Each structure stands twice: as C-alpha cells, then as structure tokens.
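Note that the chains take the letters A, B and C in the order they are written out, and that residue 1 is the start of every chain.
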C-alpha cells in the first residue's frame, strides 16, 4: 500500500537529480570550451549554440513541428495496427504462428534502408516519413499487447466465464485493461523510434523538418547550427517521452513501472 | 480453481509429440513465405510494375550474382562496423554497469550525463560524427558503440539491481564479501536481462550502421543503397537491402543462440 | 423434497502424457435449498475439479449427471448458473471497490446504475462503508476478500460455491470472517457449498460436512452437524463440537495419509492442493 505522498516525493527527487545533472553538464560544456580553447568548428560553446538556436527559432520550431507531425501520424497508425494485431494473435494460435515470425523478422530488416524505395512509393511529403515511423513503432506495441493479454491467468478468465461473460466481454473488461500498462511501455519505445524514423526518412527526400536541418548543416559545415539542431532533436524526443509517461499515469495509472 | 488439464485426446505422446511440435511450428511461417513470394510475383505481373517500383525476386537475385565481389565488400564493411561497435559497446555497457553497482557515488555523477547524451536519438549525431571523424568507419563505430553501451548498461543495471535482498543477506551470513556477491549472485541473476539488452542492441547496431552509411561512407550496404538510388539503379539498391536483411537475420539468430546457451534457465 | 443441486455418478479423467488420471470417481452429492454444506478433503483429491464441474467450466465424463431443482442440466449450459468465489480474490486493480463488486452483475446484464445502487445499499452489511471509492491496492487482505464476497452475493443466484475463501487470511481475521459470513448467509438464504482445509472451519460453518476421499475422489463420508444456529464462538470448545471434530479428523486423516503416500509416487496435477 504505497502512499501517494511517498511516491510523489520519490518522483520529485529523481527529477531534481536529473535537472541538476543537466545544469551541471551545461556549465561544464561552457567551461570546457572556454578553458581548453576548443576550436569553434569542433565543439562550439554552449552559449553560441543557444544563441544560434534563438536567432533561428522560427525555422527551428517549424522543423520540429513538421517532424513531430510525421512521427505522430506514423505512431498513431502503429499503435492502432499494433494493438489490433496483438489482439488478433492472442485469439488465434494459427495466426500467431503464421505471422509473428514475420513481425519479428520485419524488425531485423532495416526499413531505413528501404527509405529510398519508400520515397518512390509514397512521394516526398509527410506520407513517406509517416510510413517509416509506422513500420518502426507497430512492432513493440503488437508484442506488448500480445504479452499483456497473455498475462491474464486462466483462473481470472474462468471466473468471468462463471459470470456468463462472452469472449468479447472478457476481452474488453479483463484482457485489454490488463494489457494497458505494457502497451504504454511499448508506446514509450515506439514514440522514440517513430521520431528516428521521421528524421531518417527526411534524409531521403524532404524540404522541411529536423532531418533536413541536420543534413543541411552537415553539408554546409555549420557546426554551431548542427549542434542547435541536435539539441532541438533531443528536446523533442524527451518531451515526447514525458508526454507518453504523463498519459500513462492518467490512463494506466495502476501500474506505472512495467 | 485449477488450470484445465488436457481433456480426452492427449496432445502429445512421447516422440510423436516432438515430431508434431516441429511440424506445427514450421509449416505456418513457411506457408506465409510461399504466400508472400507468390503475392510479390503476382503483384508485379498484375499491375505491370516497372522494375524501379518493385523488381521481382528473381531479378534481384540475378543482379546480386552478377557482382559478387562488390556485394561482399559492402557487406563485410557494414558488418565490421556493426560488430566492432557492438562488441566494444557491450563491453563498455556491462563494465559501466558493474562499476556503477559497485560505486554508487560515481553512478550518481556519470549516469545522468549518459542519459542526457542518449536522450538525443543516435542518428541525429550522425552528421556531427561525419564532420568530426570523416566518412570512414570510425564515425559509425563510435555512434554504434555509444548506443549499444547505453542499451546494455540500462538493461544490465536493472538486472543487477533486481536481486532479492533476502538472497544477498543470506550470502552475507555465509561471510561473502561484495565481490563474491556480485560474481555469484548478482551477475548470474542479471544474465537474462543482460542478454535481452544485447539482443535488442545487435539489431540496433546493424540498423545504425546501414543508416549512418547513407550520410557518407566509402563502402557498405547503406552506402550502396544510397549510391544506387542516386544513379537510379534501383535493382542494385534492392540487392543491398536484401543483403542487409539476410545479414541482420543471421546475426540476430547467432546472438539469440548464444544467449540461449548462456541463459538456459 | 427435491434437492436444490444434485450430482449423480460424476466422474472425471484427465490425460496427462500417455496416462489417464482419474480425478473423480462416481461422486454423488446433493444439497437442499438453504443448506450450508462444507467439503473437506486431502490435497489432490479433486476438489477443484469438482468445483469446475459444478460451475460449468469442465464437463464430467459421460454418464455423470447434474440436476438443479430436479431438472437435468445439459453440461454446456452451466456457465452463469452458480455464483462462484475462487481462492484468490482476483479484483481488478483498475476498478474501485464498488465497481469490482458489481462486476458479476454487470456482466450478467444488470444496468450499471442499478447494480451500483443495490451494492451501495449492502455496503454496511459487508463492512465496507466508506471504502466504495477506494482501489484494491489500498485494502487489506480481509477487506479484499469481503469485496470478492460482495461480488459473489451481488450475482443473484440461489447456489453459491466458495473455494477456500479465507485460506489466505491469518487465523484471527479468519475467525471474524467466518462469523460474519454466517450472519450474511442467514440474511440471504442461499444454498452454499464451501470448500476448506480447516476442520474447525468445516464444522463451525456447516449444517453438514462432506469428506472427500483421496484420488480418485468420491464422497467418502458425511457428517451431520446438529449444533444450534446462530453459531456462537464458544461452540468451538463445546463437547459436542469436540466429538464431531474427533470423528471428522479420523475420516480425513485416513484419506490424507493415502494422498500423501500417493504423491510420493507421482506428481500432483497443477493447480491442485
């Protein structure tokens, strides 16, 4: 019986350590570039990176928005498909045996290598990036949906059957709620992968987005701009992660550590 | 309420059961493979797809056999990058995990830094690595090393820490010191978690190698895909993609197999 | 008078590997309406299989018959006829106490609002007033069992099957729960079959105690418990009680020894105790 207060304090402490570490890292960065006279084109000072980011903030924000949009569309599609597949696999052993090995193999395949072909099939716009994001995110969700549904013991199902519950009711009232915590864990992973997919997708062909900003900075040898884009990517990924965690705490609140 | 035992017909009687199990496990994916390949050929034939949209499996195999040496060079380049980064990263990750568990104070100092660095998707560092280290293999290996070490570190930490405090207390009553507890209890107990981390990491390593090559490289499967696409030679791109698929699956199977040998319980 | 529920010639075998294990052998038992009957037996005697049959999760071997109110029941239509309380409470962590209690009724088709209303009215009887919006994780073991019991009672069926509901509780809580269960039962007039390992509990709660033999299980003995109701706590040390206990112990001990010897030769079935 954990008290809400104790968990909250523990959470705040963890956040505090992380924030302190971040601040310390930032100060160390700034100090190091000054003290060790590191050349500008290898590791620019944090201050100049932040300044560059600030001056280009509109463009940077636009890039973040585009990439996030692509990633989220792919992620939602991946979640929908993943959950449905997981449910399908849980109810048919045959289906599972036929298709699950392909699901697994699909992840060893670097879809990312297919990027060029995806662009040919889906064009230069949002769709192609979303497809890659979808491809990367559906698998963890499918696996965790299946695993979560399987976690339900036969005894629990048996009990509901003695109440006269149909298979659909058992799925809706027992199996899916039980699977929600692991599904959210998978969404955490999937969100990160979707973002990566969107960025790399942009490398194959796009006019806007974080991937484009990164690539352009590389070709122009603009290290400061590159670092600004890296920080923006990191911030986006972290924000996405914490958004999913917050959602999990609201929806699957009874088991946040999975 | 007990779990249901198997009613009526037995589901397995001795060696008949093993035979049947194999059969049941093998034919469904095989059937799916046949359906996939047939569907592939049919789609091309039905929609009259030009080969830059979707070449047939036969074409791809043919093209692969035409320049075997280059394919081999590219494959080995990518595999070397992936494996070097993977092995070095695994050692680093595991080493750091053990270090952190032994010296908690250092963990509090270094781990947050590591987490922050890794909160940026590794591919985003790609362009930076190319600028700083050039298009040779080192830029890829460095990033793969960092990503793999992080994955293994997190999993190993969780595994090492998941030890039952009751078991630790018991060993201490036997007079065990910290090192013995680590070696005899924590480490074996953490093996499943570590192997899980390593299985996930090996897939990431291959993918990272291929992706990073696309930004710039001298050789490699990812580089081959990029070059072929630029030159509109799409069959060639498919060959490289196919090769990376097969290699990834082989490496994953190997790591999986080793994992099962090490963690049989 | 027609018995409320009656089993006749019920047997059950399971295939395990190449062998066939006979778990139940010609079980005959019957309960009158309003009876509170307890069932004791050694580990592995097939108690759980018997319950699975009564509840409709398993079918008996051909030849076995189950009658409710004198009517022969087709074996695949039993699910939902009997209110069942398993050993583990199996409360859903994402539902409040109230919503857990209405679960069976809800699945049965009772509109949620109506089920909630009825359950709220019974909170006092189950000692859960003030906890209706709590979550299972916040409750003690005894309280969770009470929620599970409330769920079982809210599933309005005349026949109730309780599978060692108090097994996981400490002795003091168990004693309180036993007395409280009898109070609730007196008010509800259901027919109850109650499985237990605890001899004292079996005699204290029941009008009759059935003794199951070691595997293959059948009803080996039946003991009438003529003690007056309502049962007071001091009846546990009364001479009448001690007499009954002596008889019962002898019958059970015999079967326990047989079961113990048998387990040295072969594995217990999963899930049996």
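Methods note: a residue touches a chain if its C-beta (ideal position, glycine included) is under 8 Å from a C-beta of that chain, and two chains touch if they have at least 3 such contacts.
No experiment lies behind these values; they were computed from the predicted model shown.
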* Based on C-beta pairs in contact, work out which chain pair has the most and send it over. => A-B
* Average the CA atoms of each chain to get its centre, and name the chain whose centre is farthest from that of chain B. => C
* **Centre-of-Cα separation between chain B and chain A, whole angstrom** => 18
* Let me have the rounded angstrom distance from the C-alpha centre of chain B over to the C-alpha centre of chain C, please. => 51
* **Distance between chain centroids, defined by C-alpha means - chain A, chain C (Å)** => 48
* Indicate the residues of chain A shared as contacts by at least two other chains. => 155, 158-159
* Enumerate the residues of chain B that touch no fewer than two other chains. => 1, 3-4
* Structure fact -> Contacts with two or more other chains occur in chain C at residues 52, 55, 57, 84, 86
* Asked: In the complex of these two chains, what residues of chain A are touching chain C?
  -> 1-2, 155-156, 158-165, 169, 173-174, 177, 180, 252-255
* **Residue numbers on chain C that touch chain A, as the complex places them** => 52, 55-57, 79-80, 82-84, 86, 88, 90, 92-94, 103-104, 107-108, 135, 137-138, 155
* Structure fact -> Within their complex, chain A touches chain B through residues 17-18, 20-22, 25, 41-42, 94, 97-99, 101-102, 105, 107-110, 112-117, 120-121, 154-155, 158-159, 192, 195-196, 199-200, 203, 210, 214-215, 217-218, 221, 223, 226-227, 229-231, 233-234, 237-238, 241
* Touching chain A in the complex: which residues of chain B? -> 1, 3-4, 24-25, 28-29, 31-32, 36, 52-53, 108, 112-113, 115-116, 119-121, 123-128, 130-132, 203, 206-207, 210-211, 214-215, 221-222, 225-226, 229, 234, 237-238, 240-241, 244-245, 248-249, 252
